[in-house]
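Everything on this sheet refers to the single structure shown next.
Chain nomenclature is as follows: A, B, C and D, assigned in order of appearance, with residue numbering initiated at 1 for each chain independently.
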Amino acid sequence: MTNISELREYVLAQNSRLPDEGLVSLTWGNVSGRVDELIAIKPTGVPYLGMEPEDIVVLDLEGNIVAGELRPSIDTATHLELYRAFPEIGGVVHVHSTYATAFAQARIPLTCLGTTHADHFNGPVPVARPLTADEVADEYETNTGRVIVEHFRTNTIDPLHVPAVLAAGHAPFVWGVDAAIAVDNAVALEASAHMAILTGVLTGTQPDPLEDWVLARHHERKHGANAYYGQGKQ
Amino acid sequence: MTNISELREYVLAQNSRLPDEGLVSLTWGNVSGRVDELIAIKPTGVPYLGMEPEDIVVLDLEGNIVAGELRPSIDTATHLELYRAFPEIGGVVHVHSTYATAFAQARIPLTCLGTTHADHFNGPVPVARPLTADEVADEYETNTGRVIVEHFRTNTIDPLHVPAVLAAGHAPFVWGVDAAIAVDNAVALEASAHMAILTGVLTGTQPDPLEDWVLARHHERKHGANAYYGQGKQ
Amino acid sequence: MTNISELREYVLAQNSRLPDEGLVSLTWGNVSGRVDELIAIKPTGVPYLGMEPEDIVVLDLEGNIVAGELRPSIDTATHLELYRAFPEIGGVVHVHSTYATAFAQARIPLTCLGTTHADHFNGPVPVARPLTADEVADEYETNTGRVIVEHFRTNTIDPLHVPAVLAAGHAPFVWGVDAAIAVDNAVALEASAHMAILTGVLTGTQPDPLEDWVLARHHERKHGANAYYGQGKQ
Amino acid sequence: MTNISELREYVLAQNSRLPDEGLVSLTWGNVSGRVDELIAIKPTGVPYLGMEPEDIVVLDLEGNIVAGELRPSIDTATHLELYRAFPEIGGVVHVHSTYATAFAQARIPLTCLGTTHADHFNGPVPVARPLTADEVADEYETNTGRVIVEHFRTNTIDPLHVPAVLAAGHAPFVWGVDAAIAVDNAVALEASAHMAILTGVLTGTQPDPLEDWVLARHHERKHGANAYYGQGKQ
């Protein structure tokens, strides 16, 4: 991807996947993508259907608008905080998808119960701590990002091993090496959360986590140095 | 919107959103919109697909038909009662959407558990009391509206802060400053109800409500005097 | 409807609604319609998409084929038993729709918990008793109908007041004055069952039934002598 | 089916049914079909939409590629193990469908609770034992097949009577006499699992299984020597 026009088309396409994958209602979600020092993100409050490439807002990592007439997503400051803290990521997704949001509202981490989860998340998806009243009063969206980064640093979690978090009382933030992978991970998070709730209904207690050796194997066969999933193109 | 023809087209379009948003089966829902002293509403028992603007019935606030050959929605008297009591609202939606209706049937208010709820409802969505046998025998639909108004007045709830109610044993009524916002709120109510049931399944007990400061912040950033969500067009 | 060709087109159209309304997977459901002494029904094992009017099988009330090259639905004998016992009905639907079937498998009647149910079923939807081994060994499908009729006669339930039953361990049978109304009732049964399960999850115990006076009012405003729902065309 | 080209078109069509039937997200599922000594299977990591017949990989029973430029499904070794052990099967499906996967994650067999299940599975769908760390470290996918075969042999289950298994902590594998029937069975497994979870929610305890005589009758009327379901073409 070599220019702003391509970046906008790509980020528009990834935003359009959100309703198609059943991850959003109305305008409740946004995808951003990064190339070098530029971030492109959905404009706030604009429907996915009918959105044009020039509606996508392009900013630098400090949040200065480089291109675009519209206001960027209200969650832009959270995206920027994640990009600044995790330079290895190239795409961020925020959605209020039903099942993952239920875990965020229950403030319960998503334990790995099976290979669907293991294929995308190399361990449990954590809950970031709730914000204090002061953190909400001032720089709310930036602080939403800061408590996520705080959680990953304090617990030494590699953001590419566990590319998602549940914001307590809010909803998930999900990421990846690029925006397409970030959307894939948001799909996987929602499916894993749906299956985890059902598994708990069946067992009646907290289900046993997946064996460590299966978790490791599944993650490695898809993401490790000798990965053999896929056609080796991505 | 300057004339009856435009009002009908607008109200038709908002009714057509009900099946698209998954809020209705068959003909189980209706949207009305108000401009000045005129109310336009879906005709009773007519499918959404194939409905024409002239099928939309136009009435005054007392329920006299101003335009239209068809009978208005069977719930028209409830809509009119809400419009007369709450002059600040410009649209009303009645649907039997699955998850919100489950709360209405359980007669349990919908507590605010997260920001999806907070973005649309500035506090819990209440349950209006059941009607007595006498209230059902005579002027049933008007009385359905009266007990809603009674609840909001007795508890001094601002109808634009909490633009929805659960009619006990029945289903939700939802509203907004116009019909499009009322439908948005009906989508948000259904999503919040779905997430709330799942959150309760996960916690096993009544989940903790969202912190007050997050509820206030989310509602204000979208609806307050200094709102910064959206492009400032609506 | 004056001839076999019209009857077939009508019954085909009603069968095609089953996948559109989310009531069936694969070929797991069938609709029949009656005009005078003729029954038209879906052929067994044929997909809904691509079915032609001449694929619909026409039989007399004793099950003799009057028109059609294909085998009729495997459940035809159950439909015929219902038509012979309940001459006031003109359409029958059998589906394995998810939520109604869960009640049939749990062998729990569907209590009326709200107006969605009351609009279509004037009281609880009962469970017919399981068949004995002998009843299954010989004339299984006819006996499936016989135990339904036995339940309605023993309990003096009017089949037009409660146009559905849950066959224990099996799935619902639903009917109406014509096939279109029977499909409407199957949609209403599935929605009511879905809402009832969710209501029970919320209350944690068997929820209270809807007040009798609301049940009566809702059924009467839609189906009574002075019904005021709909445009009076059906 | 007489040649590789026809086999590929057929297997492509059956893979395309997976998203249409709601059995997969992203690229999380694969169908293979066998004709004589040739197996055709989906390529790994390739989206269903836009897949071409020549993308389908053709192998012999030992896993040598006979035709195709792409890498075969990462689960190919499991498919091959099943084909070698069960020569009577002609199609295999692996999906992470939500409800069946919840049972696999809970490691609870799917009891037969009703006729939807009985029409496709002549008894409970079992859970194969978890793999040991050693079995995961080396030949993971082949060992996934071996523990399935071990379960069916140890318990003397006829793979055509119960054409599915739940891999513990993973997801279902489903099969049939051909690939189309295998996909039908995957649809039936998912529907049966969905209904079973709901039935358990309603009863509050493990629901009673379906009577043996109904299970036998339903399976026989569809699959027995004197089957009378369907038009006798398949």
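In the analysis below, a contact is a pair of C-beta atoms (placed from the backbone, for glycine too) under 8 Å apart; a residue touches a chain by one contact, two chains touch by 3 or more.
None of the values given here were measured: they were computed from a predicted structure.
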Chain centres computed over CA atoms; the one at greatest distance from chain B is chain D
Interface of copies chain C and chain D: same or different residues on the two sides (over or under half shared)? different
In whole angstrom, the CA-centroid distance of chain B from chain C equals 32
Touching at least 2 other chains, the residues of chain B are 201
Seen from chain C, its contact residues with chain B in the complex are 21, 113-116, 119, 184, 187-188, 191, 194-196, 198-199, 201-203, 207-208, 210-211, 213-214, 217, 221, 228-232, 234
As the complex stands, chain D meets chain A at residues 25-26, 28, 43-46, 70-71, 74, 96, 98-99, 101-108, 130-131, 133, 136-137, 140, 169-171, 197, 200-201
